[in-house]
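Presented sequentially are two complexes of subunit A, the first with subunit B as partner and the second with subunit C.
This part shows the complex of A and B:
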């Protein structure tokens, strides 16, 4: 079935404006509506993926669906584009949003103003869906701001001193990032005369990158890098992600930094500007720095959610490293097959990280709700008291540390193979080393949260079942099964390969532009 | 804020109506003259800000309760979204100006341009309500008379 693309933005957006009208009395109705919306979005995303797989043939490995808003042809109108990469991100956002929303049914009972929370949550989803579907760089910015502003409010949702401080820090740095991106867009518009990404790509293909455009690209790398929390720009993340309610931490670490940061960066670098060695090296440097510095900062943490937040930085390093390696191989005119493999590793790790990191944040929320603390040193022995949470948390820990057969193992394996094939043996070794340190850090979590002695004040702890367990079990099942996306050729050809093809096609994205 | 002198109150009461009407005019003629939903919405909010300055917060809160303002805000956004989605449901396409074909040759009339005046009204409602809400909530936090503020429910410290 051909799903009209604006539906992915309009359904959550309209629901977000209906929800506050429910008020305090209609809380359960509002919760039901919000859950129905996220599940409907998941179904629609699967339908869109199936449709894209139908369109895809051997001659056309990179199918694109274009929707012209208001029936105005581009470049006069605005268009939305669904290609393999957008579709992969759309599926990821929908899966994590559905799980986090299910988790919220019970978890958010601790907070007041639940309908406002649901409304902001859906606004954030609408913004992220808009970012990954937009074919117009200014609209991408508008949706990016919608998602960011909703996330600022959600980070400070608890209204405690610490949360407001984290929210303010996040807001200041996020606004700086947005300002960089807006300046970049202004420079691009001034130099190419268009805001449609396909037309910008065509203009750059015909006249090359002048100093103004190169500066715009630098602004984009800084702006989207800040949104993605890559290492020199990561300072806000370890404060912001732990302060939010757990389902929002899962959304922020799971999909927000990816759709607003990595997706937008990859789209701009590969499809709009085209890759060349210098920018590929910048991506590799950002990736390696995030990977190494993130994981060493994470090992020393004693706050459960803060530890997870530092691991997000580290795991984003893997994603950017994979994409950067692919860009370097492409820019040097090397084998497209190895470039595709490196990009596949990056994108597959992006999806895997979305699943296991959101599961870890949900588990941390479950532990925090049961024990009232996030400090590892104040917990212990919860394996007996919280067997369900323990099981899902262990699966996610194994997945993030790269233990076979969980999903994290497969993407890290492909990344190591790709790095070795590109003759970056040092990078391959660093990748394995970082994975080892990740394992150590999650053994620490197991030791201090679930094993060891049960302190007296936690004797009455009870596990969280119901909707909280359902959401965790769904994500845990995905952690176990997602290796199949790589191992079964039919699944890989229809889910991962089109996403890789969308990036390796590079500046051929300009083919979307029509002559006026 | 307790409001100003009786002279200011009387003048502001009259001026408020004129400002409000001007906002409505800007919104309704948005597709013909400069202005439109956003500009008109800002003027609508300004009329209530005038009232807020002259009469104080309590008076305005009775005139336009926060809950109602918040609902108007949501309804404006929802109405705009419905105008966009309506043609999508009935097979035309997202944001297609579906009323245009029903109108006779009527360029430059008040009733013309299809859905654009309706969109302007929706945006005017949204912008007016939300902008006023923002200014009102900012005024709540500037309260320094030790009264109980409604937004946070805490007692403000007079020394602050």
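This part shows the complex of A and C:
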């Protein structure tokens, strides 16, 4: 079925404005409506993916669906584009949003103003869906701001000392990033005379990159890098992600930094400006720095959620490294097959990280709700008291550390193979080393949270069942099964390959702007 | 020249946002940055001695493919698109500014200070 693309933005946006009207009394109705919206979005995303898989043929490995808003043709009007990469991100956002929303049913009962929370949540989902579908660079900026502003408010949702402090820090850095991006958009418009990404790609292909455009690209890397929290732009993330309520931490770490940061960066670098070696090296450097520095900062943490937040930085490094490696191979004119393999590793790790990291944040929320603390040293022996949470958390920890047969193992394996094939043996070794340090750090989590002696004050702890377990179990099942996305050729050809093809096609994205 | 001054304004705002210790001054720095970007966008569409981009009857001509605007109009009019962008961007920065100021007020209520060096409960 052909799903009209604006639905992905309109449905959550409209629901977000209806929800605050429910007030305190209609809280359960508001929760039901918000859950219905996220589940409907998941169904629609699957339908869109199925449709895209139907369109895809051997001659056309990179299908694109275009929706022209107001029927103005490219480059006159605003347009939305669904290609393999957008579709992959759309699916990821919908899966994590549905799980986090289900988790919120019970978890958010500890906060007041639940309907406002639900409204901000859906606003954020609308913004992210808009970012991944937009084919227009200014529109991308507007949706990015919608998602960012909603996330600023959600980080400070508890209104306590730490939360407000983290919110302010996040907001200042986020706004500076937005100003960079807008400045870059202005430069691009001044140099190419268009805001449509396909048309910009076309002008850049015919006229080449001048200093103004190169400066714009630098601004984009800094701006989107700040949004993606890549080292050295990571300072806000370890404060902001732990301060948010657990389902929001799951959304922020799981999908927000990916759709606003990595997706936008990859789209601009690959499809609008085209790859060349310098920018590929920048991506690789950012990726390796994030990977190594993030993981070593994570090992020393004693706050459960802060530890997870540092691991987000480290795992994003894997994603950017994979994409950068692909860019380098493409820019050097190497074999497209190996470039595809590196990009496949990056994108597959992006999806996997969304699933296991949001599951870990949900588990940390469940532990925090049951014990009232996030300090690892104050916990212990919860394995008997919280068997359900323990099971899901263990699956997610194994996945993030790259233990077979969970999903994290497969993406890391492909990345190591791709790095070795490109003769970057050092990078392959670093990847494996970082994975080992990750394993150590999650063994520490297991040891201090679930094993060891049960302190006296936690004797009364009860596990969280119901909706919180349902959400975790859903994500845990995905952690186990997602290896199949890579191993079963039919699934890989329909889900991952179009996304990779969307990036390796590179500047051919310009083909969207056919005639003017 | 104008562009260089616009860029200087942007850097001034960035400096202010990064270096200042007072939260309100940081917010002001960000606002200056946003104004510099808005000014830059407006400058992109600017033309000396231009007309407003509103198509009047005198600017229409009948050509091979129906009614079109004249070339003289296209050469004279300012570019309307940056103006639309600036409107959008002003609205967005207004939203961000309102949220930032309200968070500043809440932080002042909790900590009793605007000095970010004293607001340091998060570390690690």
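Please note the rule applied: the second predicted complex is superposed on the first by the 516 of 516 C-alpha atoms of A that agree within 3 Å, B and C clash if a C-alpha of one lies under 4 Å from a C-alpha of the other, contacts with A are read in each partner's own complex, and residues count from 1 in each chain.
Criterion: contacts are C-beta pairs under 8 Å (C-beta built on N, C-alpha and C of every residue); 3 or more make two chains touch, one makes a residue touch a chain.
Computed from a prediction, not measured in an experiment: that's the story for all the values here.
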Q: Based on the superposed arrangement, let me know which partner A:470 touches: subunit B (first), subunit C (second), both, or neither?
A: neither
**Q.** subunit B versus subunit C as contact partner of A:6, first or second or both or neither
**A.** first
Q. What is the contact status of A:20 with respect to subunit B (first) and subunit C (second): first, second, both, or neither?
A. first
(Q) Between subunit B and subunit C, whom does A:430 touch in the aligned arrangement: first, second, both, or neither? (A) neither
**Q.** Partner chain(s) touched by A:480 [first = subunit B, second = subunit C, both, neither]
**A.** neither
**Q.** Per-residue contact with subunit A, leading partner among subunit C and subunit B
**A.** C
Q: Using the touch definition from the top, say if A:67 reaches subunit B (first), subunit C (second), both or neither.
A: first
**Q.** Touching partner for A:420 - first (subunit B), second (subunit C), both, neither
**A.** neither
Q) So, A:285: does it touch subunit B (first), subunit C (second), both, or neither? A) neither
Q: Please give the residue numbers of subunit A that touch subunit B in the complex, ascending.
A: 4, 6-7, 10, 13-14, 17-18, 20-21, 67-71
Q. For subunit C, which residues count as touching subunit A in their complex?
A. 10, 13-14, 17, 23, 26-27, 30, 33-34, 37, 40-41, 44, 81-82, 85, 88-89, 92, 95-96, 99-100, 103-104, 106-107, 110-111, 119-122, 124
(Q) If we count contacts the way the header does, which residues on subunit A are in touch with subunit C in the complex? (A) 138, 142, 145, 149, 152-153, 156, 159-162, 164-169, 171-172, 175-176, 178-179, 182-183, 185-186, 189-190, 195, 238-239, 243, 300-301, 303, 306
**Q.** Sites on subunit B touched by subunit A in the complex
**A.** 70-71, 74-75, 77-78, 81-82, 84-85, 88, 92-97
